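The two complexes that follow have chain A in common; it is paired with chain B in the first and with chain C in the second.
Then we have the complex of A and B:
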């Protein structure tokens, strides 16, 4: 053990309650200088809450925080930053319409009416950008950057303030594999410089591969804190099974290891896409003449680096973006120009990649969100009436089947943790077997048990005759879940891999355009 | 025909644009920080009344302006309190400010002034040394100090918004309150300041009406100018220079309309109502995205969400 290293962050007996939920229950945590300290746990275990307390987003109900042995009480992130504690939150905190440079200058020191320190910040940023490998147009709006670049800008922002304690909340959730590896190389570099890293994650491989110590949270309490390795770079002393068992507790569900392959139930395609062209929405490329078919009983995966045309594909399939060319057939019926309501009626269901933006209305109750989009066919009433009883009953069935941690069916949706919100959105799409499921990152931000539940639900729906198309940036997810995987690169479907060729390396190379696929 | 477009038309356009531009600067400050301020109209009216009443009581135009501005700031504080502390809907709160002003000014006017006396207003600036300069001299000499302010303020505000730390924080607060807070910005404090300054500027526009243009207060004398100022904000895409250009354009239309009473333009008799409604029509055109998209700050009018 590295007992010689001084404790930088010490949190003692932290309690934090949100309404009926005790998010943090007497949590104590010590983090040593120059280490990567991982914090793991299921959704709703209290990881993010604890980090928000440390970063001064909200104060704890009770308990103390000390930094380098000095008690501190941050009343805002500004004070935390000033003391050298910085956080890169799960949903990146860059303001999309401000330029990269403006984002970097934001929240910095300096008298209000002083001129913006453009030149100084730019000079230092350029220097630091070389270190962390960021290439960006400083005057471009931050929203135009790829997720990997945005993350680097966030890191740069903390380095500019010379943060000594860096908190990362699910940092690799949306990064392509190669960028995730580069990210961890950067973390090791930081710890060598004497900085301290707190890593909130639910990917056990990241803990075993990179962390020095790990703290496991379950239901708001610390289950265990233990060293992962003797020294940086050494082999881990614990294995994934032990860790997973600690996370889920006795009788919990362990993450899956088996593949979930299905079989085609029919040779007639359920979904046929031919020569689809969609103008760019959130990528540079848009979608360029993409053709493929999805058959009943199978899960068709779509791999690719973020911004390769996934958003355009999904929008065209659910009816939110009209294609300029090409056709979409559902069971031999042309639905190219059908509005979303018509597609819903025909049994197309959609799990949105961004539940806040598209999946749910935060101010509504769980029950209302459960019925959202199904209001026409779910038997919840007619144009002039609405049966809240039936909506609640439907929500309760989702809560039961997907083990949603919700106080009640009529509780506000915003009271649920992110993972539980996602379960409601997934449950809504899958309670009745859909004809076609369109899913964008269906397990984004979910823990092992919930991910497994969602995967099995998708599989089960396909066994019952559904066809599914799943877009994900997590290659492991696609490899576990999908029968065939189409790879998007620069708006084109460069290849569809199945059978022997379903390998990480093969798909990874196709994703970055390193090899030309067979075409599709 | 020739006599329609003379220097006096442009001088009057400047005068008519002044209250619009000043209030629009207030609108920009408030809206850029994320608070919808349709209370500009009420703040302008209150500024006009309090400014005039104080000038009557104290015998000084400039002291009147000061009091009027203070009253506008108070209404701005009320709007900030309702929207930030009590989380009222921004439009509802703004309407409340408008109704309060409309009612209160009429009540106070009738209660304390049987026949509204003229106040000692703010005299025009001669600026005779400008006279020899062609065009500029004709336009700016012997104008109200407010007109000069209207021409300088947008540049100051532009510098403030785009070239100071404070301005960056204001823009960030309007784009995303949550993210700004994470970046260590005191969003609520910024919004309070911006909305209060917004009220002050709208009231300043009001004191121009009652202490520089007319030297008397009449009921409802803001007459929708606050709303046209808001239209100028939108038309100018929430930028100080753009909004001022829009305000000058609207002022010109107003001047033209007054000039054309009963006259013809290019042989056509244009009803003044058509010209008067043009600012509103143009705003709809701007909002419809026909002259480039006009995109409001992203968090405009939204209540800050809890974690």
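Then we have the complex of A and C:
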């Protein structure tokens, strides 16, 4: 782009290494004021690392960062914020037990350590909340908010500190479609105000639909930087295929078009849920009398706005939350009250929706994590002779099959990028065909190629006789992957759509309670 | 490879810093630090008879260090090892003097077992309070320490007091309950071998058994462990009971191997020393062996140093080293978790 807009952020020759992994290798990046600059690349390409360098989370090994032409060296995110650079991470940084307002005040104490005056923060927050369309109870605990609302609170936090450069890492990964649209409208508003946006994303449609410029990273290096469109609102000059090709490189795997739907292998349900009631855990709704069946060979999707009861459904199915009413049958066996260990033994596998919280142990090696949950199944030796060699061997198989970018099977799990960590968690559940797979956002944070690999693995498992239940906030994912899609709204399964009715609009309407279904 | 070197290097560096701080304190107190350090080394290692005494000092620290380490690995900060040690010690002393008619190895074995059992129960109580009611183990174990201190005091002054003595102590244990001496002419008993065996066993348990794998999982991420089918509450009280049992063994070995009776305030705080030992040993059973050796030798050497330096350097200088070790390692661990 022949552009007169001044360069706001300039990163020059950035290198950053973690152990054996060269996460950033001589990366240079210029971002112009008032633009949305997308950063794309496969898992482990170095996107998040680069943004963390910019945000002062850790210093680069070499290279310089300048802001408005002035060299800067942020030693912490606090310093970056002070200079007007703010970031919303993949994992939100709100403190669940503090109120929304307290979260906003946190970190704004300044040099005096005295908290900002409450009334002043509240007044400004209310004003800004109107702008970004956040309606929240300021005194409610932040943990009670939905994901979209939490994201808005994070954004509000940056606006309160008047951040001029806003970094978003996978901002729409957990947003329902309508909220994602609203989010981008907000981004455009920011750029019109002269703010600058850095957008890390896997979704090429977001780049083509909204970004002004794009930088493609591969294996820690810049492959290309190019304009996406002449001016904001104009048609994109590049297409998805070109971009995808740049991301994966020569010989890489391109994203999927459509998966073949599965076939019911048996008329006897693998999983039967009847009148399930679960008190609220992470939503206001809980689960209210939900009934459905999942058959061998099929992928059953669960759609719904975040907080409609998905967490409660998953917890009840894997045995982490006891239902107060209702029954769960696995192959005609009542497992309503069975503990997780018993379900694991019966072949129930679980891909946790939040790998940091439940899916993995960050301080352990990849191999030890690969065995987690399967460690009592006998594949890793007996109770009194657990074999690390076999764990390593199993991890190596996951690494090979799912193309995990890991220095070694016994490398620390935390040395892997988020997407590669997710691949290990997914691979663990799918290396052997599960009887029943419960997957919470199995492709969260994965790039197109990895998403495709995971989808294929789930499909393959179902062809081999598994039954799968997939919860996702990405409607497109459910439409690609699932045979039938149950829609949760306010803790009820309002409808199950299949066949002709598997359409975006139909499900989208059900998700917000616009249609009264007859499901359960 | 690289990380394991760093794991090794860090405790060594911290220890060197701690000794340097101690040297400064010695200098400030008016003694020339270099001769004092030399005397310290001499008393710990090279003086005649120094080594066995150092190993004697090592034994209880090795037990208590392991007890603290196993708790920490399961995510439980067991500050109650001191209380578990006292209860275990008194229980084994009671078996030693009150049970008669058993042949030598059996009597000692029974006394050890009862000591471990009572210590284990003393650790299990705060464990079950945590697992079932969520009571924080740091608070409850401190409370249990106080109960143990006063309960043992009461028992040796009122109930099981040696009638032939003025001091608050139990009668002497029957020789059949004594632990055999390792080397002629020293006070070093087979207790040291028991401690080393415990370390080896623990290492195997933690690294090579499903129970140990699950214990470490609970300590590292209880929520992930639960999702992986681990019964977390069972693991919490189980690890606390194991920790307490090792603490109880520490007391039993001191009683049966060294004093042959329980007397009030026999422990100079071995249970608390265990915290520094576990930290310096990086919670690794074999690391704890080396840490216990270091602290045991230091404790022993300090006694000699106190006797030969002018003005005398008090042997309590070892607590300075311990404190600095805890200070630095706790700070570094905490920073790792935060960052």
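As a working rule, the second predicted complex is superposed on the first by the 509 of 520 C-alpha atoms of A that agree within 3 Å, B and C clash if a C-alpha of one lies under 4 Å from a C-alpha of the other, contacts with A are read in each partner's own complex, and residues count from 1 in each chain.
Operating definition for what follows: a contact is a pair of C-beta atoms (placed from the backbone, for glycine too) under 8 Å apart; a residue touches a chain by one contact, two chains touch by 3 or more.
Predicted model, so just to flag it, every value in this text is computed and none were measured.
On the superposed chain A, the positions of chain B and chain C overlap enough to count as a clash.
In the superposition on chain A, A:81 makes contact with chain B only, not with chain C. Shared-chain residue A:72: touches no atom of chain B or chain C. Residue contacts after overlaying the shared chain place A:93 against chain B, while chain C stays out of touching range.
Looking at the shared chain after the overlay, A:360 reaches chain C, while chain B stays out of its contact range. Comparing the two interfaces of chain A, the one with chain B and the one with chain C have residues 362 in common. On the chain A side of its complex with chain B, the touching residues are 52, 57-58, 76-82, 87, 89, 93-98, 102, 105-108, 110-117, 157, 362, 414.
Listing the residues of chain B that touch chain A in their complex gives 160, 163-169, 171-172, 175-176, 179-186, 298, 305-307. If you check the complex, the residues on chain A that touch chain C are 19, 318, 320, 339-341, 343-345, 350, 352, 357-364, 368, 371-373, 375-376, 382-386, 388, 412.
Residues of chain C touching chain A in their complex: 2-3, 207-214, 216-217, 220-221, 223-231.
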